[in-house]
Amino acid sequence: MTAMQGARRRERRQRTALVPRRRRVARIRPGALPGTLEAPESMAGQPPRITVIAYGPDTHVEREVARIDEALAEGTPASVRWINVEGLGEPDVLARLGERFGLHPMALEDALNVPQRPKVERFEASFFVVLRMVRPGPEVEDEQVSLFFGRDWVVTVQERADWDVFGPVREALRQRRGRARDAGADYLAYLLLDAVVDAYFPVLERVIESVEALEDEALEALPETLPRIQQARRNVFTLRRAVWPLREEIAVLERADAPFVAAETRVCLRDSYDHAVQALEVIESLRETLTNVMEVHLSAQNQRLNAVMKVLTVMATLFIPLTFIASIYGMNFEGMPELRWRYGYPSALALMTVTAAGMILYFRRRGWW
Amino acid sequence: MTAMQGARRRERRQRTALVPRRRRVARIRPGALPGTLEAPESMAGQPPRITVIAYGPDTHVEREVARIDEALAEGTPASVRWINVEGLGEPDVLARLGERFGLHPMALEDALNVPQRPKVERFEASFFVVLRMVRPGPEVEDEQVSLFFGRDWVVTVQERADWDVFGPVREALRQRRGRARDAGADYLAYLLLDAVVDAYFPVLERVIESVEALEDEALEALPETLPRIQQARRNVFTLRRAVWPLREEIAVLERADAPFVAAETRVCLRDSYDHAVQALEVIESLRETLTNVMEVHLSAQNQRLNAVMKVLTVMATLFIPLTFIASIYGMNFEGMPELRWRYGYPSALALMTVTAAGMILYFRRRGWW
Amino acid sequence: MTAMQGARRRERRQRTALVPRRRRVARIRPGALPGTLEAPESMAGQPPRITVIAYGPDTHVEREVARIDEALAEGTPASVRWINVEGLGEPDVLARLGERFGLHPMALEDALNVPQRPKVERFEASFFVVLRMVRPGPEVEDEQVSLFFGRDWVVTVQERADWDVFGPVREALRQRRGRARDAGADYLAYLLLDAVVDAYFPVLERVIESVEALEDEALEALPETLPRIQQARRNVFTLRRAVWPLREEIAVLERADAPFVAAETRVCLRDSYDHAVQALEVIESLRETLTNVMEVHLSAQNQRLNAVMKVLTVMATLFIPLTFIASIYGMNFEGMPELRWRYGYPSALALMTVTAAGMILYFRRRGWW
Amino acid sequence: MTAMQGARRRERRQRTALVPRRRRVARIRPGALPGTLEAPESMAGQPPRITVIAYGPDTHVEREVARIDEALAEGTPASVRWINVEGLGEPDVLARLGERFGLHPMALEDALNVPQRPKVERFEASFFVVLRMVRPGPEVEDEQVSLFFGRDWVVTVQERADWDVFGPVREALRQRRGRARDAGADYLAYLLLDAVVDAYFPVLERVIESVEALEDEALEALPETLPRIQQARRNVFTLRRAVWPLREEIAVLERADAPFVAAETRVCLRDSYDHAVQALEVIESLRETLTNVMEVHLSAQNQRLNAVMKVLTVMATLFIPLTFIASIYGMNFEGMPELRWRYGYPSALALMTVTAAGMILYFRRRGWW
Amino acid sequence: MTAMQGARRRERRQRTALVPRRRRVARIRPGALPGTLEAPESMAGQPPRITVIAYGPDTHVEREVARIDEALAEGTPASVRWINVEGLGEPDVLARLGERFGLHPMALEDALNVPQRPKVERFEASFFVVLRMVRPGPEVEDEQVSLFFGRDWVVTVQERADWDVFGPVREALRQRRGRARDAGADYLAYLLLDAVVDAYFPVLERVIESVEALEDEALEALPETLPRIQQARRNVFTLRRAVWPLREEIAVLERADAPFVAAETRVCLRDSYDHAVQALEVIESLRETLTNVMEVHLSAQNQRLNAVMKVLTVMATLFIPLTFIASIYGMNFEGMPELRWRYGYPSALALMTVTAAGMILYFRRRGWW
């Protein structure tokens, strides 16, 4: 491989892989004992962003605090307190939350050691729910949200501080929309879970659009379609991995017979369940469509090759015998009587014309012309 | 890409995508609290068409009303009242119906926020059934029907006012055919569900015809077959999405031990269940056939390429050596004794003939001639 | 597309689709109320053929009757009476049978409205079994048999009068072979079901033979193989549709705890069950084999294209440089010293020989020669 | 198709299908009543080979007998008697065994009517087990073994007399190895079943070797690979059909609560079960590998075609313009000034060189050179 | 096939199959009675490496012993003793361990007769767990670990002495990290199992990297990609075979109600279960990705062929008519008036230019230029 080829190849790779990929696997440190809290390497030491929202039917306080102890010492009387930690850089924050709310060390480890498979774990006085938010973009990205909740508190732990899907929930709490501020921590947990589920739909719509564009594009058999199909597949895959375990999660929550989960919340979860199932069905249909798109692409490539080859065959087959005739009379033999015939040249031209007509007729009969 | 190519491409796309596609996903407004009734954007404000049919063994009144309150205030004594709302433009209509018949806000939301996954939900004094009607055409379209029923009332909500599949049911009520007017609201609900199921079959027949045509067409490997296969796949997919959840739905209704569902109705549902299973089996066989059609199409393309290439190879391979011989004797070297031989020219022609005969023999042995 | 192409295409279609296809779907008349008995359009009014066999350990009467009432009025004392109706043209016949033996209207509708999915339905004093007989031929065809039986009677309804698989059962009754005449109506029902199952095997053997022929044929990549593979797939599909639901049917019958089904009959059904499972396994293996055959066919096509292209490439690549050399010395420039060299011509020929030898060497190293 | 082609084709077929295939389906005689014992056509009348081994802790007698009655009349006192019948030519032998040991007529029919699906049937005082032995070879063959056993007797019925897998069991009985002679008939049955299972492994190893060879071979895209892949698939298929039902069979035996099956034997069956599962996993992995091999083969064919076409394209594209230039100056026009230029000829050669260099540069940039 | 080709082929094979493959199947010696302990042929006679670690909260002794009896005679009082045997060369070692700890002969046979399917077997006073460690490398290799444990002892048997994954566990015991030395033998067994599971992740990461590289590489359609895809598939397959049965194993251990398994250990196993599920999901996603990679590779090959053929077609189609024109005027007929025309030569050149321009225009319209 020459240097130039290498350069071209690199360039092409950059062109096709426009967006960084993150097929992440939780980095399990072989040798670490279970239950050890350690920050992911890339974030170690970066202080997380901590916000506290304490509310009741008539109160609503929303603050950002610098240290976790401020959040825990919160003296305002409130029915529910929601502590939101964004960033995994300081394991101590989680350790402190664990002490205060009695969270299991292994659950805390799962919150730090991202990405975990979405799941629900029930402890005596609390639930631990792992969710995946997805973020739209050419390459769909996911981010883990760990959600702990007990009788009157909710703790959420996000991987990064730059983005989340909880804006509408915060707004509902501020404006006391619906039952948001009247119900308990279980209802807040439901609202957060529902926000995560709802946020799948705009992402799904974008992916649907891209797949529908591919459905048309595949008929063209363009070289640039192939990497686009691959990217769409990765996006569908990311979504599937986020949504697939959700159904089971919600079903577990719905069935859970905990004193701090109201019957009404469970009815609401049924609605989230329906949405999750709906998202999953769209995802499955996208998977099937992409398989079809790939097949169509392959078939369109064949079509194109056929078209190209037909042109080559027609042209070559038409002119090769004619050129042969011409080259015969280009020979320099002495005794070639035709060369001296009076109508030698016109006859040769006529022979060529007849030959060409014959070929064309043959092509027409085969449907190639 | 030149401008001309772009134009050609657009044109081709228009040609292949003759019919508009609707891979719809329920637009969930992130941030809206659960249970909020809002009309779909595209229909907001358009007044729905409301019809009321009130009947008993001896009475039958059928009216179109302008406002929902007229429908509710209906004073005629009747065993069953069926209110049919076509169009989702005014959420208030649903809200009023919800108040009057005690419908759950989330069920009403599902009736508005189309398309929902077909499902059955049981409430204390009513059932909520989501169904999908399909409408024949080159591109099969589906429309959601939300069916609510209680002891003596049935409410149906359709997406659009231009078309439905309930004509035969209306006719049966008018003419007091069978048990139509003697039985209760549960029997009417069954009749409506059965009408939806029965309406799948004419659509299925049209799709079967198109797939059978494709089975023959695929053997031709024509370029226009590919988009047709894609369209047939979309149609089968739409049908499958409508029929697949039906079996479970009917099974749920059949098992439901509600006081307002007569045993006789349940026996009838068994028949609808059989029909749904039958439709599903045809759909599955169509899916399989379309996979085969695609394979056959690919193989036929290869066949065609092989045929084209064989012609090219035979022609080129036949004439290339002959032309080479001619070109040798077209050289202008001085000392070429053959040129001066008495039988130089005939010998050259004979050499060509022998070469050609040898090639043809070779082709015949390989079965290419 | 010219007219001639159109003609060729039609002709080809006729050649490939030698046998008529019947992917039938039960024609459900939208609007007809459930339980309405109507003859299929194509047969309406054609009188069915009705035969009655009444037998006991010591009696055996076999008659063909013109009207159903003769069959019902049969006065001979006999342990079991078997009424066989061939043809669906007169719904009244079924209605009369329904009255006499207490058959459910919906079961009668299923007997008329062919094809139904094979199934077993149990009523208080009778069973209703839907079966599919298959008939060998290039295109395997199926025909519905509806089998009703009670304590001392069996009613079978066939679609058409021209053919059935019950000959051996009739013969066994005539000759009092085995327990045929000593056991009850349940045993006759078993014998009929077993006759349907046994008749799958000769059909299966023919299909196996055709698939095995295709396994060899696919290696040739002939154009006529493709439609044959399609036909074999359709045949396997027809068989699968007939046999698949049978296992469940027989299992239902075996478990059924009806007073008019003897324990001994249930043991016999276990044998039929084994046969059905065996047939299904052969069918599944045929499906898999056909998938492989298609793959092999595709690969053999590629092989063939490769062979063709190798010949073209070798020939073209060999002669193109030689012809180029010859054409150089065919130029008419004045100052071409080689043309005047003493050994100019032999040198040119030598150069060509060396070039050709080099090419051939290259081809051999790549394994193309 | 000429005669010569036909001959070539036949020859090719013989080459690829080196070994006879036996996709056997039990020949069910339509019309025969259930429970009728008839020898398979191909073996009718051939006397089977009958051996008897009677043993106890301290006795061991092994004899070949000419008539089945000798085997049954065996007077020696022994704890267990094993009668082994090889060959299905005389149904009377089975009938006599049936009378003596109370075997069910339908089980006897299954022993004659080979091949049956492997299964276990329990009768009051005996078990009936259908097994499939496999025999190594280029084409893996299977043979049915029907195994009946009761309190103190075992009867095995094999299809053919030329080969079996029970040698090690006979040896263990002769030499009183392990518990072989101390345990009852159930333990002997287990040893025989285990011998059948163990004999799968050497066959599996041969198939694994052939599949691994194909994995490398597929990368070459040779024409002879295709029939080899087909044969490997058939072998895997034969093995799968033998092993698949085994797991269920052994599980049934293990659970069976029969007084004549010792608890210890059941523990041993757990080991056989593990072996069967292991064999099945290897078989499944072979299936998957063969699918991959086929894909790789297809891709390697494409690779090969690409390589061939690249050579053709490079050669043709390189020389076609050069030949065109030469042919221009080979024209015989009178007014061609270049022909008379002093440096006409060298200029033409230079032009050709530059053109060729340009083409080569282009090819290098595309990575084709 | 010439000798040279053979050599090339062998060479290519060596290049692609860089690493030795081990699709191993347990060598079951047909004829050996169940429960016989025999060393695998390749290791027979090689003495294993035996290490003993005896520990309690306050004690920790770690020794390598030459003979198994030294390990068993260990007099130090300790809460738990872990005997680790590396190498299967001396079956007597296992026999002695079996006697001492009451291990079932069949379990011991499974420890020797590698590889067994991963499984858990419970005996009265001990558990037997078969696990598979995987070792990173271009070709992922697996090695069986047989783990026996009772109230206060753990025995592990490894296939080979050169490598294991238990380093972190040994370190934790030495340094009394976590609860390692305070808990019982069941906790040690958990730690060992967890170490096996954790060690999958670095291997998985390497495989993920290789698959991601293939995702880009496949777009290039290079010949060397194909064997790499095959190798990645084998690696994924090896991992899957190791991880797939693990979930069930851990679930069995978790549910096991044995007095010598502490409740706390079961909670810990839940964590290992989650990890196993996570590993399996990654593996499944890799399988899917590799299927896509193969498809993309095929499509990219087609793309490449299309590109090559387009160049050939354009070049050939462009120059063939031009060369034909030139060859016409290279004929030597006497009466060719054009040759004498004053502007004959320029006209011919003009004709050629016009023809070429026409072709180019045609190519542009088809988007080939």
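The letters A, B, C, D and E name the chains in turn, as written, and every chain counts its residues from 1.
By definition in this document, a contact is a pair of C-beta atoms (placed from the backbone, for glycine too) under 8 Å apart; a residue touches a chain by one contact, two chains touch by 3 or more.
Treat the numbers as computed from the prediction; the structure is a model and nothing was measured.
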Copies subunit A and subunit E - rotation angle from C-alpha fit, nearest 5 degrees: 70
Self-contact between copies subunit D and subunit E, residue sets same or different by half: different
Centroid distance [mean C-alpha coordinates] between subunit C and subunit B, Å: 26
Rounded Å distance between subunit C and subunit E, as computed from the means of their C-alpha atoms: 43
For subunit E, residues contacting two or more additional chains: 298, 302, 305, 307, 309, 312, 316, 320, 323, 327, 330-332, 336
Residue numbers on subunit B that touch subunit A, as the complex places them: 9, 12-13, 16-17, 21, 23, 25-35, 106, 110, 116-117, 119, 221, 223, 226-227, 229-230, 233, 237, 241, 294, 297-298, 301-302, 304-305, 307-309, 311-312, 315-316, 319-320, 322-323, 326-327, 329-332, 336, 338-340, 342-345, 348-349
For the subunit B and subunit C complex, residues of the former touching the latter: 165, 167-168, 171-172, 177-178, 180, 194-195, 198-199, 201-202, 204-205, 208, 212, 215-216, 219-220, 267-268, 271, 274-275, 277-278, 281-282, 285, 288, 292, 295-296, 298-300, 302-303, 305-307, 309-310, 312-313, 316-317, 320-321, 323-324, 327-328, 330-336, 366, 368
